[in-house]
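Below, chain A partners chain B and then partners chain C, in two separate complexes.
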Partner chain A sequence: MNKYHDDWIIAAPGILLLCFAFLVPVAGIMVLGIKNPDGSLTISYIERFLTDAYYLGVAWRTIKLSCIITLVCAIAGFPFAYVMARASPNLRVWLMILITLPLMTSVVVRTFGWMVLLGRGGLLPEALYLMGFVRRNYSLMHTEAAIIIGMIQILFPFMVLSIVGVILRLDPRIEEASRVMGCSFLASVKRVVLPLSIPGIVAGSLLVFTLSVSYFITPSLLGGARLPVLAGSIYETATKSQDWAFAAAQSLILFIGVLILLIPYISLTRKSHG
Partner chain B sequence: MKANQTILALLTSLLASVSSAVAQETLVVNSWGGAYEKLHKQLVFEPFEKANNVKIKVVTVYSADTLAQLRAQKGAPQYDVVHFSGGQEVVAAREGLISPIKPQELPNAADLYPFATEGMARGEGPVHLVTAIGLLYNEKKVPNAPKAWKDLWKSEYGDHLVLTDLSNSYGLLGFLMMNKVWGGSLDNTKPGLEKVGELLNRSVIISSSPEVQQNFAQNDAWIAAFSQDYAHVIRQSGQPVKFLLAEEGAPAVFFTANLVAGRPNQALAKKLIDFELSPEVQAAFAREMRYSPTNRKTKLDDNVASEVVFGDAVKSLVRFDPAQVDSSRATLIENWKKLIAR
Partner chain C sequence: MVRAVPPWVRGAAALFVTIVMIFILGPIVVVAGVSFTAGDYIAFPPQGLSLKWYRTVLDSNVYVQSALNSLQLAAVVTASATVVGTGMAIALHRGRIPGTGILSALMLSPLVLPTIVFALGLLMFWSSQVGRTSFVSLWVGHTVIAVPYVIRTTLAVLSTSDRFLEEAARTMGAGRWKTLIHVVLPQCLPGIAAGAFFAFNISFDEAIVSLFLRSPEIMTLPIQIYTQLEFSPDPSIAAVSTLMIGLTVVMLLAIDRLLGVQKVAG
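So, the complex of A and B:
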């Protein structure tokens, strides 16, 4: 009992910080979205969002892009993480540096890099033109593909690092056992490693998904004004239209939407994999 | 008792002088980035810092975001002087976010043209610079030089158009002008939205000033609805881009310098605002980026004067009532976003 008490004291600064610097202001913003100027409760802002095809379209694009980004990160991240975990310690350090190095650069700077690479005459469109796929003035900027490419580059490390942690903790003897029992390498990865690393993939997917639905700098720079996503719409509503209540309502919807998507996801994976 | 008070007063004044000698005073201001901010620093902030031994902290924020920040910071304002280009001073003054300045508090205010000081009676800051919105075109690429706003709809310009998002002050005014030439008004923006809708598949939509230059330089833009100041910057950078005051009229962008309410250093802030109104600073702004001065004592070189709308001619520019623009802004921006979203 006493020990438990001490734990609380140790955790107190962190909990207090979380309360006052995060929970209270976030709750304040949420409340703003369901309150009339006179203080009474209202669902008019939420209703405005849910009955307007434009905002529903923005929400749909956000979810669609985030799903694609998460999926690509997971599919590409798992093999990378597996190689990283099973590589020699020396090589692992280099791979670790490779994957974390981009995190040292600001997201805005990396996004500007993509703007150069994807814009008219940039590396990628130029390569596609030389290969004869597109016309000369082709540009990848201001397309959903640009948003997906930029976001994957930013969020990929989160996925890999989540999976690598789990695979590293797997006992290599389990894999050896499966090989001894007659599994091919691929079958062993598929039937032994993959199921056991599900917690890492889930954690990584949650991270990538929640980060990508709430990102606004990269989508607004690479997607432009004509491809709004929810986080960008919140920003625009708060600063350009100065409609804080509606911006708060959109945040509330984003928040609830993420929760609705995440809770079954977590409980499902918890049930099937302990 | 009296002696006590004297000693106290002496002590406080001593303390004040000591602290001011130790801690250099700081003013926090906003500017709008790009070539403008560079010039703003070079012509206003750096000379003012030297002359008054203060430190000026420049934050790059556009007008609309600045207003949003002022509102959020109402309890504890963080800026001393804010600059607006989209008429936000009307709202800021109405909400008490900025302090009224009496014309006699600014020595240079007496020399300003009346249009630059009329907002001061409503509690807004004075207008320090003016620029015009018109058409920028690449003279080597366009088959025929445009003359009017309606020329944007000519098919000969193909898909080489650049339009500006309405979240940008220049974009908003350019749009309002297009709306006007197609028969709309501030209360009825439908004609403009419909007509601009026809251009969407032929244009790139940008939201910040440096992007205009980038589009002329790299993206094969031929024609853009934007402002005279950046037209000059682009031309100086070596591109064959010309600025046109379209024949239906050119909207004026009034840059105002406003005193933020509830800040301790208002006297110094006023001095900075007054400095921005001085003829020397305004002449330099006209020379470097073709801004129209608002101080009638400003002397312009002939080659500058021939390119700048100035003096009473500023009145010939189209001025949309900022209060009315503000009241329809939110709806207009929402309709615009719906129009352009793919």
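So, the complex of A and C:
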């Protein structure tokens, strides 16, 4: 300890902040979710969540929407990442800037953009009307489709960045070899690059899924009060009904779900960086 | 390298990338477009062009006050996150304190753990141990989520630095602190600058922690926009959002001038 006292001193503010402003509060909320007011342990809050049809519906919607969002991001993310990785360095930097620029604008602002595009008289419902799919004055707001569209736009960059890192580290000679051996371009992408990119796709999917189950601003603005997701339900329970113990129990459920997914994510990203 | 990519594949790829880009950038362009409308309602394409909603924003006490709050908050968060994150990154890079691996995983965990759980936890902890939420509670909350970005950018720069420079300085007789200030810190500068940029941006745009830890007298810009979106949206929201996007773009250009944008994007 004395030998490296300067290391301890420069790390101390971070350690203190981590303990008192992050670990203790998060641990506190976990404990609150399984504790009676008198201090004894209980699973009554968890039980209430798992036996109430309303909350099970909330959990089911959260998982269903997150699965769709993750799937779309993965399917569109791989070809996008491949094009990006094989583009000229100049074009790649530009695509990188354009794809990360939305990450640097507030989620609230981007969601507002979708409210304009999806609401009554917005570009998307109007286009659907002109194509004859929907009646006049149709609105996509307050639908699950709206939540999915808004969330994909927010989370897509995370998927692309996860995959592009893996593709860039692939040896380009592997692809050359498959082409020389007679593979067509598409076959070589499908049978050589895609399997080698699986770690990136899986890591990106786990990341997108965990982020999407814990978002609530976009779902609550685009989906409205009739389509609550788990994070939105936590917010409502904590602020509107002030039932902190039940909000804590819901947080505990969300937290454990995310943690289960994060363990493979961490081991995957560690492997691909090592 | 076999370069023969069928032309139709090239065409399809270009089309696909364009569509994705329109999808990704569309909402931002729409917000900017709405802000210039001359009409009284939110509409895209805008009805006529005018700057009247910018006038409304600049004349509105509510917007100006919450913008000042957000800027102040982002400034102090940038300062604290940069100091805390840089120190932590250097210590993690040296890897001499026990448990470095676990410590680094824990320090970066706010990036992936649900922000809402952390925000609610900090609110409960703050209310029971400290008291009423205030500017300080927002400052602490934002710092926790900004520090991992500073650590990451600084670690990225350190990992390409020359380990022997520090040794050389020590051999030549510089003390630990002299080495830190004159040798290690200057090497970290590009990482620190990029980290500071992210810290500012995150605090300025953050809405979840702010929703939980705000106090009635402190409104930040994203919370102001969120509340208005829920109750009474009008084009002034678009104008204030466009100003926020503008600030980000200006900062991005500044950091590009300073460091080159590849460093920040990568």
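The rule we apply is simple: the second predicted complex is superposed on the first by the 238 of 274 C-alpha atoms of A that agree within 3 Å, B and C clash if a C-alpha of one lies under 4 Å from a C-alpha of the other, contacts with A are read in each partner's own complex, and residues count from 1 in each chain.
The working rule: a contact is a pair of C-beta atoms (placed from the backbone, for glycine too) under 8 Å apart; a residue touches a chain by one contact, two chains touch by 3 or more.
The shown structure was predicted, so the numbers you read here are calculated from the model rather than taken from an experiment.
With chain A as the common reference for superposition, the partners chain B and chain C occupy clashing space. In the superposition on chain A, A:41 makes contact with neither chain B nor chain C. In the superposed pair of complexes, A:137 makes contact with chain B only, with no contact to chain C.
Of the two partner chains placed by superposition, chain B and chain C are both touched by A:238. When the two complexes are overlaid on their common chain A, residue A:262 makes contact with chain C while staying clear of chain B. With both complexes superposed, C is the one of chain B and chain C in contact with more chain A residues. In the superposition on chain A, A:121 makes contact with both chain B and chain C. In the superposition on chain A, A:95 makes contact with chain C only, while chain B stays out of contact range. The clashing stretch of chain B relative to chain C, chosen from 19-27, 73-81, 217-225 or 253-261, is 73-81 in the chain A superposition.
Residues 121, 238-239 of chain A contact both chain B in one complex and chain C in the other.
Against chain B, the residues of chain A that register as touching in their complex are 54, 57-58, 119-121, 137, 139, 142, 224-228, 233, 236, 238-243.
Chain C makes touch with chain A in their complex at residues 1-2, 4-6, 9, 13, 16-17, 20-21, 23-31, 34, 42-44, 83-85, 87-88, 90-92, 94, 96-97, 103, 105-107, 109-110, 112-118, 120-126, 140-141, 143-144, 147, 151, 176-177, 180, 201, 204-208, 211-212, 221-222, 225-226, 229-230, 233, 237-238, 241, 244-245, 248-249, 252, 261-262, 265-266. Chain B meets chain A in the complex at residues 64-65, 67-68, 71, 165, 167, 200, 204-207, 218-220, 329-330, 333-334, 337-338, 340-342. Chain contact summary for the complex, chain A toward chain C: residues 3-4, 6-15, 17-18, 21-29, 32, 76, 79-80, 83, 93, 95-102, 104-117, 121-123, 153, 156-157, 172, 175-176, 179-180, 185-186, 207, 210-211, 213-214, 216-217, 221, 231, 234-235, 238-239, 244, 247-248, 251, 254-255, 258, 262, 265-266.
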